[in-house]
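Going by the order they are written in, the chains are A, B, C, D and E; count residues from 1 in each one.
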């Protein structure tokens, strides 16, 4: 579905993406990990047309899309989120979502005069969809708040919500979990899986949350210094010594949740709690 | 009963430097009226000052207020042509208010469909430019460069000067307009000087850009002789450049018949603390005095004002000089005809309400200007 | 036309004019860069500065001695204006402050007109013929102007790059909240900025005045070319403002070769458009606010 | 001072307020909703005014036209030409951001002003154009003023409805989104450049119409009318003070500012007559000061940008 | 006596109260963690300490002095340092200049402090002349953290310092936090990596809808089933 070949992006003398080659098949959720500054976001920017590559090609659905602009790519079915939330700060949360669906008749200057009825009908549909999305993201209570006034995590959710407002073929998610509450994150994971299985969305997911990567992604690609370091299933990638060294740190075990779950002290406390409830 | 007259000046706009003297000159006329028996049956002329800022928006605003709120029956001004056009077209003429402008020089003013309500005491650009051209020829100058300010005043003068000068066989060796308010005109001057002329004719204002141009021309030895029109005949030129540097600077300016009128005005205005050499003061004074005479003659009836204005301004009749209000009032009361001889000229209005000009040629002498000859 | 003529009558005037624009443009670019708004009262502040210097000269001072004093006084006025009119708008969208500065422009102008009238005057009566330096004609006042500009630019650049307060200014312009969290007193920084800007406006007004005349609209006429210069160089870039000022000044003087002189004022803008087409954020890649 | 006079004055003020309201509405489309810093309003105003003047005025020897065509043609022409000139300008300039765009448009307005002043064969140069007809201009003063006011009101109302509907519609939402964050809007498939251009041209057409209304009201136009202080900056003050992003605010702002502008003179006229000239300077001071006071107490504008809540579900 | 004592603080950005009575204490040499759902008011509580909020009720006492309503720059001088959640670097200044601004209030030679920061974040050494705005998301977080470490505060407020950081760096931030604490600095930390944070903190608070919901030692909170399910992701 997406083929990235020898992609290069240089900022001055520095090559943020340096000959990156990557394939994404339809129906996959590809996990993209790598140390900070590996070039993951830059790769997204290149794929989504926000930056022009200094070299290499990008093919999407069999077509060379290297020179296309962001908005043209969107219409081909490629949607992305931003790592640092790009909300429309003076629009309400609801409007942030309602503006997304493409081809709304009301976006045509003249339709607003000649086909007001149709504009209204579509508008109602869009609105319903946006409200449902907000409800799912637990943002209904701030639906009419200016997006600029939302909390850091809420903005991230809104960012994600935008991708749910349109029929996409390929969705690029840039660290959707950062700053998002873990309980909600579990729900989001479900949603991503549903979109993937039932609606056939393909995802590329940048994350530093290993739990999420493990749960959702196959294959997993690890980037470092602008190049693909290794590609494979989660466990292969995670146990690769280079990945351990560059990305996970010397003590990968420390970050696994199992460590806490099996912490004997915690287990003990939990037992006590259970007893309390029983009483 | 008192009579209200509007005085619409370009107080805060581009001619802010000239407006105060012009308004003072007009006010002098009104004061003389009030001191010498008042208007009609001993009433006072009340002056309503408005600011036209030299642009149409402000001019219509000021005129509307004067006409509707203050109920003036005539206005002296507005000052700039654009302001005159807008204020007369949209306010004064429809409302039937007499307008006499002392400084709107654009030929377009002639063409206003004015129901004979719009007059001016300043000649249309045409006259002075031509007169100046003939004077220069008479003084043996055959090759000049021309720098003009690109507004209705400067451009109008320059065009008529050029036409007449060339028709008389003279050579224009450089001809360029410039915009107001720039800090340097040296390259303009250098460009003009390349034509090889010794004489520079400047159609501009002496308390504006004209001063800058003259200074930069003098400082860089660009020309030998400098000629200006009435706009350049400003005290500011002498004050800031120094009389010693201005021995080759001449200017034309409109004057009254035999200068008796002019002298009367100069004495009175100087006594009132004004500067009679400032540009458009004579026309401003005449406009105000004429308006007062017209009101007196028409007996305060606004529908007869225009007719009355023509009657008091033109021959035949007993000559009235600036300041002779009491005399004029008496004659009018006796039903005698009068003919105002203004400080800026005779003011025989033609059908469009325009006047031909009479001019004299001035040079700097001491710290002021001195006439050196009539202009034909 | 000889080369010397070209230098004397086109280039030198262009450079002198350009330096005057440059000093004004530096102030504009500082307000742009640090306080993040277009300061439309800049021209009229320059007028005020020029008139303050005039008052000092009238009181018997030599013009070039009056300059530093006028700069100091205008700096004080600038701080006062900020305290009274701009300060309470700082939490609002910047455009509101832009409008406030238009109001201040009107007020300053009318104050000047009320206090000093509207007639043009000069610091020194008479004309000054230039001295011949190997064929190049220069006047002392032009030499002083150029020297003053160089001193100002070098000093300011050092201050902004090297000193702690210069950095604090840049930090505040970048992210005012974070600057406060780092212990920067934004009030002090703002005051310092206005002090510098006020002094610069006075300098530009004075230089214009000594090279031409002093009159109440002089600053307003200067405003647009100064803005063009600031933008041309790139918002927030001091060297950019200098470069922009010189380019605008020289371009205006040279434009008479190719365009009718009436279009002189347009050359600054035509050039600006051309340069922005190639470099949309100015020559030195200025900020986008 | 009597009632009729005051009424006349009020009618006159209302006409100008209507013309400024059109300008402010045009600017609101550009700035309030699309974030385009157009500081060259005077240019489009002038283009509209001159176009309509040339189309409808009586023939003159020294300049283009007049063609003595019907008034409606003049107005339509004003809008079309203003839009047609805005199009290439927008095409080139809209890629500049914020203040760069502002200065670029100021520059273009200056160039337009200089062209109008200098190219006499086209515009009459510094002499301007006279003999522009005014609808119902032959009626007596008061009736003709009132008739013109009616026309202005109808046009302002039409423009208001037009703009208001566009802005409540998804189009407005999209424009506001582009204003807030163009990268994100592009990522959501919106064609930033084309949409901006649309708003720029749309707003400029309204400014052109305002110019046409102005020229027919005055029956003449000279280049002095393109003074940026009045035809650009004053409009900005109106919009920001009225409430940028709010159409009713734009109209209200036009009213408030013009009333301040005009009525301040009545105030300073109370000063002793010896100070008549100083009074005019004081007036400018008062205008500046009042502006500060209004900004002080209504810094968001009189009617701030509303959060347009989409219509409820049906 | 606790170093920081927030008592029943109420307040918000505009007229609406976002905080409806939040009480948090931090003792000397203590790491305190705040967790809670998005929009709970965690960041708002931190801003309240730092005078960036209209506080309408309650009090904030630091080191025995009531600092409610102080200007932020005064509070920094008093010895509190704060890393906000968003907008936490000077984008148009280089990485090094960001650190210089971090040490704005410090006098004397700072080279040792720079040395230490670059040692902690070796990736930034190569980027020291780059504008902070050009960095990757994670690198910015490092800059923000490094900026805060340039001062020697008594209390450090960190708002989600690990968001966007790789597991390696996340672990390192936690390690730094502990080191700093051991050096005598108190720390108030907001975290969405709640389990990891609660595991090593001294005490924790759970905030929800602008008010205290739970508090206790890290272990106790981890063990609480409701807390785990509602706030920690099961």
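Following the convention adopted for this analysis, a residue touches a chain if its C-beta (ideal position, glycine included) is under 8 Å from a C-beta of that chain, and two chains touch if they have at least 3 such contacts.
Note that the structure is a prediction, hence the values are computed from the model and not measured.
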Both-way neighbours, i.e. chains that touch chain D and touch chain A: none
Farthest chain relative to chain A (centres taken as mean CA coordinates): B
Pair of chains joined by more contacts [C-beta pairs], C-E or C-D: C-D
Centroid distance [mean C-alpha coordinates] between chain C and chain A, Å: 48
Whole-Å gap between the CA centroids of chain B and chain C: 37
Separation of chain D from chain E, taking each centre as the mean of its C-alpha atoms, in whole Å: 50
Between chain B and chain A, distance of the C-alpha-averaged centres to the nearest whole Å: 76
Multi-partner residues of chain C (each touching 2 or more other chains): 110, 113, 260, 262, 265
Multi-partner residues of chain B (at least 2 other chains): 12, 19-20, 150, 177, 179
Numbers and ranges of chain A residues touching at least 2 other chains: none
Inter-chain touch pairs (all): A-D, A-E, B-C, B-D, C-D, C-E
Touching residues on chain C, where the partner in the complex is chain B: 1, 5, 8-10, 13-14, 16-17, 20, 110, 113, 117-122, 125-130, 137, 139, 208, 211-213, 215-218, 220-222, 249, 252-257, 260-262, 264-265
Complex interface listing, chain E residues touching chain A: 13, 36-40, 42-44, 85-86, 123, 127, 134-139, 141-142, 159-160, 163-172, 192, 194-196, 199, 219-220, 222-225, 229-234
Of chain D, residues touching chain C in the complex: 31, 92-93, 95-100, 102-104, 106-108, 110-111, 114, 117-118, 233, 236-237, 240-241, 244, 278, 281-285, 287-289, 291-292, 295-296, 299-300
Touch list for chain B against partner chain D, complex: 7, 9, 11-13, 19-20, 23, 47-51, 54-58, 60-62, 64-65, 67-71, 80-83, 85-86, 89-91, 94-96, 106-108, 111-113, 150-152, 155-156, 177, 179
In the complex, chain C residues that touch chain D: 32, 38, 40, 85, 88-89, 92, 95-96, 98-100, 102-107, 109-111, 113-114, 224, 227-228, 231, 235, 260, 262-263, 265-266, 268-270, 272-273, 276-277, 280-282, 288-289
